[in-house]
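Before anything else, here is the set of structures, which you'll find just below.
The same chain A turns up in both complexes below, where it pairs with chain B and then with chain C.
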Partner chain A sequence: MKTVEILVIGGGPAGLCAALSASALGAKVLIAERDEMPGGQLVKQTHKFFGSEKQHAGERGIHIGQMLLENAQAEPNIELWTSSCVLSIYEDGVVTIEHAGQHVKVKPERIIIATGAAEKFLGFPGNDLPGIYGAGAVQTLMNVDGVKPAQRVLMVGAGNIGLIVSYQLKQAGVEVEAVIEGSSKIGGYLVHASKIQRAGIPVLIKHTILEAYGDGQVEGAVIAQIDECWQPIAGTERKIACDTICLAVGLSPLTELAWQAGCEVAFIRELSGHVPIVNECLESTVPGIYCAGDVSGIEEASAAMVEGRLAGLCAAVSLSYGGAAAQTLIDDAKQELDELRAGSMGIHIREGLEKMALKSGQPKSEDDTLKSKSFAEIKSTLISDGIATADDIAAILPTPERFAKGPIAIAECFQEIPCNPCVKACKAGAITMPGDINDVPVVNGALCNGCGLCISLCPGLAIVVVDQTYSEDMAIVRLPYEYVPLPVVGTLATGLDREGNALGQFEVKKVTSGGKKNMTYTISLVVPKALAMDVRGVSVV
Partner chain B sequence: MKNFYDVVIVGGGIIGCSVAFELAKRGRKDVLVIEREYLTSGATGRCGAGIRQQWGSVLNATLAVESTHIFENLEEYTGYDRSCGLNQGGYLLVAYTEKEWAQFQKNLQVQHSVGVDSYAVDLDGIKEIVPHINTEGMLGACFCAKDGHADPFHCTYAYARGAQRMGVDIETYTTVTGFGVENGRISAVETSKGTVKANVVINCTGGYAAQMAALVGDELPITPERHQILITEPVAHIMNPMVMSLHRHFYVQQTPHGSVIMGIGDPTEPVSHNIRSSWQYLEHNAWLVTQTLPAFRSLRVVRQWGGSYDMSPDRNPIINEAADARGFISVAGFSGHGFMVAPRTAILLANHLTGQEDSLDIQRFSVERYETGALLLEPSVV
Partner chain C sequence: MRIEAHPVLNFERGEKITFFYNDKEVEAYPTETIAAALHAAGVRKLGESPELHRPRGLFCAIGNCSSCFMIVDGEPNMRVCVMKVRPGIRVEEQKGKGVIRT
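Let's turn to the complex of A and B:
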């Protein structure tokens, strides 16, 4: 039987970070990863991450995954097993793993369960037709296996996964007919919704799928509006022709091993279902078994990485590694988690964690500042379609005097999400957030020189630079761009408004690469001055 | 759930549900079945669900034969509209020792006396019945083609639904916390959902029967003992009968679906309510069974689980009325073969409670046998 100090189950963002933080304190770690490729969901996340620098905000998921993996491979204290499925955690603490064709027994001193989550499915007639996928599966086909998964897609669910995968489908040259969402508002980040609206993909809230039809494979779907009680409204049914239906209707924590190990598990709706009860150190009710990442509550990967780091630190400290300095690292990780969850998008997570804290017998001390904090509610229709209204724009519009002085950045970022790469990007210090990273950025016109560095660094592609001084009639709009083919300087490209409507053919003045790693281009379009606050997308197809 | 019933049955496994059905069938329909979780959530839903008539005592063989006849028509018998999954592929009991082989000869006589169509086969005969078996070390085997297995969930629900149609109430997710006894008679059942008055209480709680009986001051020599079991991925059908070795303590069968279900007995298993799984079991079972059936070596295990046997000193059921709480009757201690004898046992008890004649003497099952020494010794238990 193999003995190990810490066994990390799952080599995704939480697992890799757990292994790295624990090994850095000196603990010997074994990671067991079921897939042949570690990285978990990171291996297919071609989009840039939100959060702060500490969680690699502004970097693409795939690059973060590569970096974590390289770090783990370079760490002598980490042994990494791939294609190794953990089968069971037994009552005597022995863990069995299918590894290299053998039934291997491992006796760890600590276990960190970082198994992540699985996609939920949806019940409707025809849901067993070939062509119906979880959105994550389609993302894997595209971004890992390099397979174009469809020609025309209907996306069900406007959470971050539905929105992001729709965008990536569009990048892969797949038509997305619509994103439908049962709720009355968009669940994912609005900047993602804005991005796909600009690409001409409508987001339809208060809609559901009634059935999928087709002869032997999906040929289309019947969708309908739903009422306040989520019942279809008669007469609103309509057909959407498509060959693929993607379900992005939430995730379920993969808690099987925690159940099996005897960890106390509770149903906490805000954390997406049954989750193991953990304490502040992420230790479950079974001493020595920790849970990190989506397994104990669905959140963004940035939170999973910090949770992993925290669990790794706590597990190593419990084995007497780290000394006094480790406590600072633990406190830092906890503070980072608090920051990530402090915004309006973190409300349900905080509520869920409060329930969990009660169940674990460690009610959290009331954070009055957070409780009393009122979040800027988005009152316009932006919340339901991702399209900024005239009023939304008016609120951030630079003065005519400022426009007259030259180029200026305009951050169409209206939602309090945990993200601040724009602040870091601005060398002039013109972009600030009054409070924490959940605040919306404020551009100081007096300091902004219109350099445009922020354009390609904003993970939400929500910043443009407008120069109203280009000529008497024309302005330059500098826009982020992540499609192929690239516009060619000197040719004409189509300018799109916030809903993806073509506003005309405009000269491509400049094409700037964001760099090999950043991969976001900045396109300068010459547009009539009157359209400078309307052109927000560019297409060369 | 009303606040008074003629009969309250504690335990929603195959025993509790079949007793409810037989009572209702005989006119005692004012019956409540109380189950702590869901029907079959205890030992019934965890058992190997074998149906064997090849027993070594007349009493067991009789219970098994007559139960098998009921299993053969359980759907019609209970009015169940789905299949109870009976598959009569036979039981092949292989002998590895002279002592065992000699016992088998005696058992055959017992079985024949109560009409079991069983017979002995030599090594070639074994190969004919299970072509890919490794007969090394075997002396011979006994076979009964009418043995087999059934679906424990459907069988229990067949009884439960049939009983409900006759007016029986079933209350699941309800815990019994105590009993009321007045003037030496059972009078009430205290539950997590309130107190229910009752004339008769039947304790069908398997491995928990002794704890339950202790609540009315009755001592039962029944102890829980973990037994583990596993199931493999489904593959092409290559084996009809249940293959069983009393000497090596294993049983293995292939379901109609193609999955292979197997279990082993561990003579060192302690008394405990623990039904969690162990890797030691998994490895030992895989090794042991594939010695005899090497064809299963490459199968993948889909699942393993544990359940509780309700062990009695002579490994046979106890049907006993509490001395200080008349009307409190325990039916437990089946020691691993409760499923297969449930149909006939339920009839025996229901006949007794409705004043009807029965060819079997229910007194033989009382705990008195442990004082008088009239044990129901059964030589053939895994």
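Let's turn to the complex of A and C:
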């Protein structure tokens, strides 16, 4: 039987970070990854991540995954087993793994369960037809295998996965008919919704799917509006012709191994289902077994990476590695998690963790700073469709005097999400966030020189630069662009408004690459001055 | 159909190979899973459900949900969404529960 100090189950963002932090303190770690390729869901995340620099914000998920994997492969204290499925955790602490065609027994001193989550399903007639996929499955087909999964898609669910995968489908040249969402609000980040609206993909709130139809495979769906009780409203049914229906209706933590190991598991709705109860160090009720990432509650990958790091540190410290300095690292990780969860989008997680803390016998103190924070509620229809209203824009519009002075950045970022690469991007110090990373950015017109560095560095593609001084009657709008083909300088391209409507054909003045890793282009369009605050997208097809 | 141009990704697929789907020769690339190669060839029905014999496609593509079970080289219940395609393998639609060879 093989012995190991720490066994990490799952080589996704949480597992890799757990292995890296534990091994850095000196612990010997074995990672068992079920798939042939470690990286978990990072291997298909082509979009830029949010968060702060500490969680690699602004970098694309695929690049973060590659970096974590390379670091793990270079670390002598880490042994990485791929195509190795953990089968069971026995009462005596022995773990069995299907590895290299063998049934292998491993006896670890500590276990970190980082098994992640699986996509939820939805009940409706015809939901078993070929052509109905988890949104993540379509993402795998397209971004890992390079296969066009469909021609026309209906996306069900406007959380971050539904919005992001819709955008990525568009990038792969697939038409998305609509994103439907049962709730009255968009669940994902509004910048993602704005991005797909600009691409002409409508987001329909208070809608559900009634059935999928087709002979042998999906040929379409019937959708309908729903009332306050989530019941379909008669007469609002309509058919959407599509060959694929993507379900992006949430994730379920993959807790089987935690159950099996005897960890106490509780149903906590805010954390997306049954989750193992863990303490502040992410240790479960079974001493020596830790849980990190989505397995103990569904969150963003940035949080999973920090949780992994925290669990790795705590497990290594419990084996007497790290010394006094390790405590600082642990405190840093906890603080980062608090920061990521402090915004308006972290309310669910905070409520869920509060319930978990009660169950683990470590209730949070009453003076918890997170509880006392108030959030700016988005009152306009932006919250339900991702399209900034005239009032939203008026609130951030530079003065005519400032416009007269030259180009200026306009950050159409209205929601308190944990993200701050724009602040770092601005060399002039013109973009600030008054509080923490959950605040919305403020552009200081006196300091902004309109250089446009922020355009391609904003993970939400929410910043544009407008130059009203270009000529007598024309302005230049500089926009982020992540599609193929690229517009060609000197030719005409279609300018789109915030809903994806064509506003006209405009001259492409400049096309600037964001760099080999950034991969976001900045397109300068010459538009009539009157349209400078309306043109927000560009299309060449 | 395969994605040729992409704003972020560059697919390095290697040399074309072939395998068999229901005795028909299908082209693929070694970087692809069996399910992906079949999708590229326009095949989305991978099997039939055990009782009602309804068509089955893939759902999760991460080896978790069991919807994509097929028979590969005579062995049933293979999760083709996570199994890489290899030259000459014989992939068949699985009708119902698989029968394990003895």
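By our rule, the second predicted complex is superposed on the first by the 538 of 541 C-alpha atoms of A that agree within 3 Å, B and C clash if a C-alpha of one lies under 4 Å from a C-alpha of the other, contacts with A are read in each partner's own complex, and residues count from 1 in each chain.
What we mean here is this: a residue touches a chain if its C-beta (ideal position, glycine included) is under 8 Å from a C-beta of that chain, and two chains touch if they have at least 3 such contacts.
Computed from a prediction, not measured in an experiment: that's the story for all the values here.
Colleague: What is the contact status of A:L129 with respect to chain B (first) and chain C (second): first, second, both, or neither?
Modeller: Second partner only, chain C.
Colleague: On the A-aligned overlay, A:V484 touches which partner chain: chain B = first, chain C = second, or both, or neither?
Modeller: second
Colleague: By residue count, which of the two partners contacts chain A more extensively, chain B or chain C?
Modeller: The partner that reaches more residues of chain A in the superposed model: C.
Colleague: Please indicate which partner A:I240 is in contact with in the superposed arrangement: first for chain B, second for chain C, both, or neither.
Modeller: neither
Colleague: For A:K105, decide between first (touching chain B), second (touching chain C), both and neither.
Modeller: In the superposition, A:K105 contacts chain B only.
Colleague: Quick check for you: in the superposed arrangement, does A:Y90 touch first (chain B), second (chain C), both or neither?
Modeller: Only chain B is touched by A:Y90; chain C is not.
Colleague: Now for A:A172: first (chain B), second (chain C), both, or neither, which partner does it touch?
Modeller: It touches chain C, and chain B stays clear.
Colleague: Between chain B and chain C, which residues of chain A are contacted by each of them?
Modeller: Overlap of chain B and chain C footprints on chain A: empty.
Colleague: Spell out the residues on chain B that touch chain A in their complex, using ranges where they run on.
Modeller: Against chain A, chain B makes touches at 274, 276-279, 282-283, 304.
Colleague: Quick one: which bits of chain A touch chain B in the complex? Just the residue numbers, please.
Modeller: Against chain B, chain A makes touches at 88, 90-92, 94, 96, 103, 105, 262.
Colleague: In the complex, go through chain C and note every residue touching chain A.
Modeller: 1-3, 5-9, 11, 13, 31-33, 35-37, 39-40, 44-46, 49, 54-65, 81-82, 84
Colleague: What part of chain A is in contact with chain C in the complex they form?
Modeller: Chain A reaches chain C through residues 34-36, 46, 60, 62, 118-119, 121, 128-134, 136-138, 140-149, 171-173, 216-217, 254, 482-485, 519.
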